[in-house]
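Structures incoming, each one as structure tokens.
In the two assemblies presented below, subunit A is common to both, partnered first by subunit B and then by subunit C.
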Partner chain A sequence: MTVRIKVKNAETGATVEMELEVENTIDEVIESAATFWSKDMGAYVLRKGKKVLRGGGSLTESGIRADDVLELIPDPEGG
Partner chain B sequence: MARPKIVGETKRPLGEKEPPPSSGLGPHPWLSEQSRSAHQQRVRSGAIFDVYLSRVGEEKIRSHAVKEAPRRLEVMGFLLGEACTWKGEAYSVVRDVVTTELRSSSSKVRFDPKAFPKLFHGLDDSGFDYILVGWYHSHPGHTCFLSGTDMETQRSMFNQPYHVALVIDPINRDIKTFRLRDDGYEETMFAVFDPLHDVAANTKGARTRRLKVTPVMQPGH
Partner chain C sequence: MEEPLRIGAQDDEVFDRSRRIGWLDLESIFNARVMMVGAGALGNEVGKNLALSGFRRLTIVDMDHVVGSNLNRCLFFTKEDARRGAKKAEVVARGISKISTIADPIALDTRIEEVPDSVLREQDLILGCLDNIQARIHVNSHAYSLGKAYIDGGMEGFVGRVTVVKPPHGACLQCGMNRSHAKVAEMRFSCTGKDVVFHEPRLAAEITTTSIISAIMVREALKIVSGRPDMSLSNAFYYDGQRNVSEEIEIPLDPRCPAHSRAD
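Now for the complex of A and B:
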């Protein structure tokens, strides 16, 4: 089944609309958004509300539904 | 199985908005005499600052850095606000800051991966439609500059003209803001503003904002 979700770029406020299947994984969502915005996917986490979305779990397993708005959050390092 | 497909992007334009009024501006208490003089000169000239840091945000950052200074631990967090333009000039407004538990030493700092939910709670609790206009972190006793690690973070995450890197040294009582420029970085000028004077945020057509003034840490100074 195909669904559409939105992913917000927390650094700019831009939002992409993404079409995907419920079997797609969280990593694939992060990779797609990060690639679109020329980001290193390993340096970001995805959130839905207060929940961190990680890894190879599918959208269904992660509780993602059509029209959800997720947010791509940077995981910075200072030195 | 098909890979995710991006079917469209909606960009957030920079808002054309008057900066906080000079009557509500002040220099940071840790600025040097030279920087304080430059601040006053800019206020008198009417030129806009590169960054406007709310008093609430400034106090949270300073308290956070000072709290961990005795152990020489770096601290870090996000700067929440908006990117604006006024008469063709861009500037950033930091309305609030958020952080969470950290994994830090005297020379490195990251968010604790287990503490992201607390960070997200802070983002949701900010009460306005923020963007991350940058990040802050401390250099306890190391002065204020951008290290190689900091530059990597700035280049990969905060590479828009309005993005700010705020560095605070609670041992030497120094604070500076930076942004990328060409292959390196440059210091920018910032002012601390009192949101109560920020009439621009409440002008006709602006979105209503209600900031929660709830310091997350006890002042350690």
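Now for the complex of A and C:
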């Protein structure tokens, strides 16, 4: 089963629509979106509303539904 | 006999203005043992804020030395420190002693991985001012298993994050990590036969974001030590200075997180 969702780039405000299988994982969504925007090698998290989504969880396990908007935010490493 | 009232006496007392914040427990702050891991840009600012807030018993851990490119955002570092490659932990400890009337900082010029658990166990609170994921995972898992509150800060450019971990309840830093963190951590360490090379990235950094993130970290420390978990961040705080956005975000506990299995 497939679902269409939108992923928003927190740094630029841009969005991309993605068609995904419900078995796809959050890790895979992060990688695809980061590659699409040619992001620098770095750590990112995906959130739905206020909640950070677990990388290994599938879309189903993460409660993702069609037309959800997820946001890709950087997890800064520097100190 | 009671001390006579003296005009202007309040202005002589260093912590008079802090005492006016009703919920701040200054006695607990004076007595708390706090470890700061990392004495770079964030460590300079966190150290300054801790010292001026009244934290006295500070242990500062860093194995690195001062270089010229630190000088645009590190209060305690000087050109002379960079010239002679002074140890960051020692310079920050010395700087703290200069600005605080009461602090007694200890500098540990070593990697955090070399610091024994017995030293971590003595702490009431640990603040992470680190620049790599591997070290963060190390401190997070050790702090969690020892039941020590851990406040971690991270920054890049105008973006910053503060995560507050309060074992034994709730998520830890590693619960919020995913494969992108693992890839970055893996990239930093490349093993070629018997050699291990550490790739140090040159990340964008500037002082205003450092100031904001360090202030939030130390404010959370004040709340925890003052026994005000009701005011404390429940998980993480995200800040984007380019878009002027700041908000609290939630990291759910991951039952498969290795840090939790270690604690159990």
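Criterion: the second predicted complex is superposed on the first by the 74 of 79 C-alpha atoms of A that agree within 3 Å, B and C clash if a C-alpha of one lies under 4 Å from a C-alpha of the other, contacts with A are read in each partner's own complex, and residues count from 1 in each chain.
As a working rule, a contact is a pair of C-beta atoms (placed from the backbone, for glycine too) under 8 Å apart; a residue touches a chain by one contact, two chains touch by 3 or more.
No experiment lies behind these values; they were computed from the predicted model shown.
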item	value
Touched partner set for A:S32, first subunit B, second subunit C, both or neither	first
Subunit B versus subunit C as contact partner of A:V22, first or second or both or neither	neither
Which of subunit B and subunit C A:V3 touches, first, second, both or neither	neither
Touching partner for A:M41 - first (subunit B), second (subunit C), both, neither	second
Partner chain(s) touched by A:A14 [first = subunit B, second = subunit C, both, neither]	first
Most subunit A residues touched (candidates subunit B, subunit C)	B
Touching partner for A:G55 - first (subunit B), second (subunit C), both, neither	second
Touching both subunit C and subunit B, counted on subunit A across the two superposed complexes	10-11, 13, 43, 45, 47, 50-52, 73-79
Partner subunit A, residues of subunit B touching it in the complex	1-12, 74, 76, 107-111, 116-117, 119-121, 123-124, 129, 131-132, 135, 137, 147-150, 152-153, 156-158, 160, 163
Residue ranges of subunit A in contact with subunit B within the complex	4, 10-21, 23-24, 28-29, 32-33, 36, 39-40, 43, 45, 47, 49-52, 71, 73-79
Of all residues in subunit A, those that touch subunit C in their complex	10-11, 13, 26-27, 30-31, 34, 41-45, 47, 50-52, 54-56, 73-79
Interface residues, subunit C side, partner subunit A - complex	38, 40-43, 128-133, 153-157, 159-161, 175-181, 183-184, 187, 201, 203-205, 236, 238, 240, 242-243, 247-252, 254, 256
